[in-house]
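Following are the structures in question.
Next come two complexes, and both contain subunit A; in the first it sits with subunit B, in the second with subunit C.
On to the complex of A and B.
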């Protein structure tokens, strides 16, 4: 087991470097010139020769004329930068955001908090609803309630999330006026503690409901299908013939087997906590990771976008490892020590 | 046989009807089936696939899934109680305790994600209120009883680590853990190869004596029936067509279907290249021929057979046949 994890981490590092190299190359294909961006303001007030000289100096100073592989190594922190210090990704320097004029790490902190806050609530709500609902439908397969849920979930599954968002805004914010249309807090209010938290939840309620609702369909159907499969297995008959309570048959014997396919979904959901939904965040004007990423791309702030991309790379690599290890925990037939 | 009759029946099934309401129509999987199982005897049920023998046995502990199944009538008297009338809680006390099951597929009949030990302990803890430690000790003992080597190690294994024969032994250990009065074995050796099959059958016969249980043994394998059963019940299209003790069935079958079955066994003494077969196919249970369901395949069928079906008649002591022409004799004028 330990050997396996060690081996997997080794692979993970190799993949990380390959992906980062590809990413760095790709982002360098985006036509943007940080040196020109800095000097653009001065261009009109300088003589062309002086400007050209300054531009060339700045490019040299920023290391933009070096071969791309050297720049990559510097960015990664594998070789010293122009000041002679190791100062790259591996040393914890995620770069400088040209657009926000701040270190990337400082730019990311707030949206990250927001996104995690929303996603934790949405995930718990979605799992809390879909798992019991899916199990109930599987156990009462073919009942009126099940048929209704099937229709309801296929509708929910088919409508894109931005349509759901608009419908819900119209319903709950415009007509019923239960929730604010958008935003992240009461403007001008200076709440602290619990009050601030409640205010936040009040503003996030609608996006949360939309996110949960959007994921209900697929997830419920998935849990239902997995549970129906598990309930139709031969050993369920054995369990019933043993005189075990129906509750134990469903929640212990069947659910443990249904969990095998469902666990993939659950874990990928928890990993998704870090990534913001671009559509939801933009619709509700929430400053989360999704909208930040779009902002970075729209403003040619490629150090910011690249750093975020690298973060997601690490999250998904570690996530895949956790997922594989969790199979071994849930299914005794899977051995994770080879 | 006569001493058998003096014993009181452990299980009395009277006019059991288990139907399935499917999209294709009403399927009478078990249609008016009556039989008794006496203490200490092995009753074999034979018949082709889809003749209702499994559903009959599943019905005994109400294991048929409802819907689509439905118990339309009859009584199943076991231990003074009608299994079709008692509450679910009372039923659970009987399942796995007084009536135990062994199923056909050892590869899929055990829960793949629980350890062998846990699955056996579960029965004991449900019915015997044992503590975890006691149950574990008892589970090891049960595995030892079915001659599994290293039971202390096997309790901590998952089912995937065992072969088919071993898993079937685990199933037997689980079924016998509470010393049931009736063991229902639904084709327990069909999925096993012949040598393992013989071992499992021997084991069942030995254990039957040891814990003094009755066995209801379902199979479509006549040689297995010959080895295991005291009495044999032959089913066709959801109905009992013949019921007699095992020697009578093999030596003097009276129902044309049973005659066909017995003569279709490979016989070492004949020189014929081909085996005898019963012409035709098993009828579709949702679309049975009128009258006796066997009439399209029966060499002795008359108009009477196409119009109605005989009752199960005791033609000689303890030999019941459902046929107008038992033994195939044609009564002219009928």
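On to the complex of A and C.
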């Protein structure tokens, strides 16, 4: 097992470098010249020859003339930069955001908290609804309620989340006026403590409902399918024949077996929601990772976007690892290292 | 068999009736797998609903764009945020047979009948606050004999020579010149003609004097003294006007020295019988029936059709003209985006007495008082913030969305099938390499990566190329699922005897993979393709919604919704998001229903899952 984890982590690191190299190349396709940008202000006051000289010097100083692979290594922190220090991604230097005029790390912290908060909350809410619903539908397969849920879930996962958001805003914010249309807190209000928390929840309620609702369809179907498979196994028949209580059959005998695919789903879904909340954050004007990423791309703040892209990549890679390992944890029959 | 056998109707055939008793021989009959799948599929009600729904939408977006042309660059300030309506040409019954005057506005029509009552129809709420449909009480009481409609105001004249203005009056539209106010006892002048343009109005008196008032910042509304007293008729374009003088000549009456209208053609020095103005051009008819058009010609306003009879009167719309012939026929020419220059056949029966034209509407009044109309009757699904018709954009947007989704999915299938087949059949290093690549690409966070590619490459290429880019990006990012599936299937099929037989016979490996093995996997591929098509459409629309997919003016169902996420649009301009969202939602639901049904049909084990 340990050997397997070690192998997987090694593999993960290789993939990380390949992907980051790919990203770095991609971002370098963007025509931009930081040296020229820095000198543009001085251009008119200098003689052309002096300007050219300064420009060349600055390019050299910034290391812009080096081959891209060298620049990549420097950015990564694999080789020392021009000042002789290791100062790259691996050392915790995520770059400088041109748009916010701040280090990327400082820009990202606050939105990341928000995003993680809403994602964990939405995950909990979605699981709290889908697992009981899925089990109920599987146990009562073919009933009216089940058929209705089946159709309803198809509708749920077919409609893009932003349309669900529009409908919910219309219903709950515009017509019923239960929730605010968008934003993160009452403007101008300086609440503290519990009051601030409640205010935040009030503003996050609608996005959270939409996120939960958007994931109900796919997840319910998945839980139901896993549960039906589990219920059709032979040992369930044996258990029933023995006269085990139906509750025990369902929640102990069957559910444990259904758990494996469900855990896979939960993790992959939780990862998907990180990038998926781009749409929700954008629609509800929430200052999260997703809207920050869009802002970075829209304002050509590519160092910010690159750093965030790396974050998304790491999250998905680590997530895949956890998913594989969790098979073994959830289901003792599975030997992941074989 | 004495019992009369009931022939299954089309409906029971399509939607099935599984409960009927069948003969044991029929029930146990051996069917080919393909036939069984088809039968299973045809018996799935939801699947059939999905199939029919999808086909209907598919055919609609495939065929309808050929009949509804779209002008991508169009934007029309007079038609912004018009709700779904169809009544812009609906003349009230009270006016039928007693038409005194009609004045078409941008989205409404105003008219008065011979009893002196004023009626307004169409969409009258010009802005949030201004509704020209609120006819002032004084006007209701007065005996109105003439009306004129500008962009956002209405001018009316009563039989006691009083002028009334309502609608937008914030820019001096109601500042009627003192000379025209009948309260002054000395005023002997009687108004004979009223006209209106963009925030300006004009009136002509029986003494041959013209007066213009309203927002003079953009419009040239002063009148040269030398013409006063000789004026026969006025015609107002958006910001300018021309005059017809008593010597039969046309002059530009304003003070501006040099604009598109001051250069009046030479042949209009005399013998002019009628003048008219469109939004940006002027037109005049001479005695010999020749029509001359000048100004900023943008919508073929100068292409007057050849006619046998000679025109005697001319009327101007926003981008078109309508002329009445000596024999009572009517012709229209110029822009035909809203059908405003397509004269309906029943108009030309030769009994037209007069025509009222303006903006995009035409009203032809017959001698017995009937009213024929043609032109813009409304927007069935409303318009957006640039005055573009939502229905047209939905039709064309559907075509784009489906094309992009389909091509992206085809790319994904081709790449996925080829790589999956190679990996599955050859195994070993090939398999390892391909699957690692698939893992990396599958592991990339999809949406951020697609956003990134679109942002980096998309900014430097034109709209058309950007569309191809989106297709390729979507295709190249979503093949991994299919690849994995095909590989697994081929791994299973590879071990079967028929492959061994083929190998023993010396069949080439490529032929074995693609001709012997692949057909066995087709049914599963079909399921994947159907569901993947819906996913690709969803992704494209999400990208477009975020502004990183296909960008306006090219419509897609996604980017039509991208302007809709604020409370004002959601609440007040609901038609902007409800219609695109509904058709898109229905379309993806239908595809998914269909995909599920195909899966159930292909894999009988999955039924009930």
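Remarks
The rule we apply is simple: the second predicted complex is superposed on the first by the 306 of 338 C-alpha atoms of A that agree within 3 Å, B and C clash if a C-alpha of one lies under 4 Å from a C-alpha of the other, contacts with A are read in each partner's own complex, and residues count from 1 in each chain.
By definition in this document, a contact is a pair of C-beta atoms (placed from the backbone, for glycine too) under 8 Å apart; a residue touches a chain by one contact, two chains touch by 3 or more.
Quick caveat: nothing in here was measured; it's all calculated off a predicted structure.
Once subunit A is used to superpose the two complexes, subunit B occupies space next to subunit C without a clash. Once the two complexes are laid over each other on the shared chain, residue contacts for A:263 go to neither subunit B nor subunit C. By the document's definition of touching, neither partner reaches A:39: not subunit B, not subunit C.
Contacts of A:313 after superposition on the shared chain: subunit C is touched, whereas subunit B is not. Of the two partner chains placed around the shared chain by superposition, subunit B is the only one that A:243 touches, whereas subunit C remains out of contact. Looking at the shared chain after the overlay, A:233 reaches subunit B, while subunit C stays out of its contact range. With subunit A as vertex, the superposed Cα centres of subunit B and subunit C define an angle of 100 degrees, given in steps of 10.
Shared-chain residue A:224: touches subunit C; no touch with subunit B.
Across the superposed structures, the minimum distance from subunit B to subunit C, using CA atoms, reads 5 Å.
Touching of subunit A by both subunit B and subunit C, each in its own complex, is seen for residues 142.
Subunit A contributes residues 142, 233-235, 237-246, 253, 256-257, 260, 330-333 to its touches with subunit B in the complex.
In the complex of the two chains, the subunit A residues touching subunit C come out as 15, 18-19, 23, 26-27, 29-30, 141-142, 151, 154-155, 157-163, 165-167, 169-170, 173-174, 181-182, 224-225, 228-229, 271, 274-276, 278-279, 282-283, 293-294, 297-298, 305, 308-309, 312-313, 315-317, 320.
Interface residues of subunit C facing subunit A in the complex, by the touch rule stated above, are 46, 439-440, 443-449, 451-453, 455-457, 534, 538, 541-542, 545-548, 561, 564-567, 570-571, 574, 577, 581, 584-585, 588-589, 591-593, 596, 608-609. Put simply, subunit B touches subunit A in their complex at residues 61, 63, 67, 88, 92-97, 100-101, 103, 105, 108-115, 122-123, 126-127, 158, 160, 171, 174.
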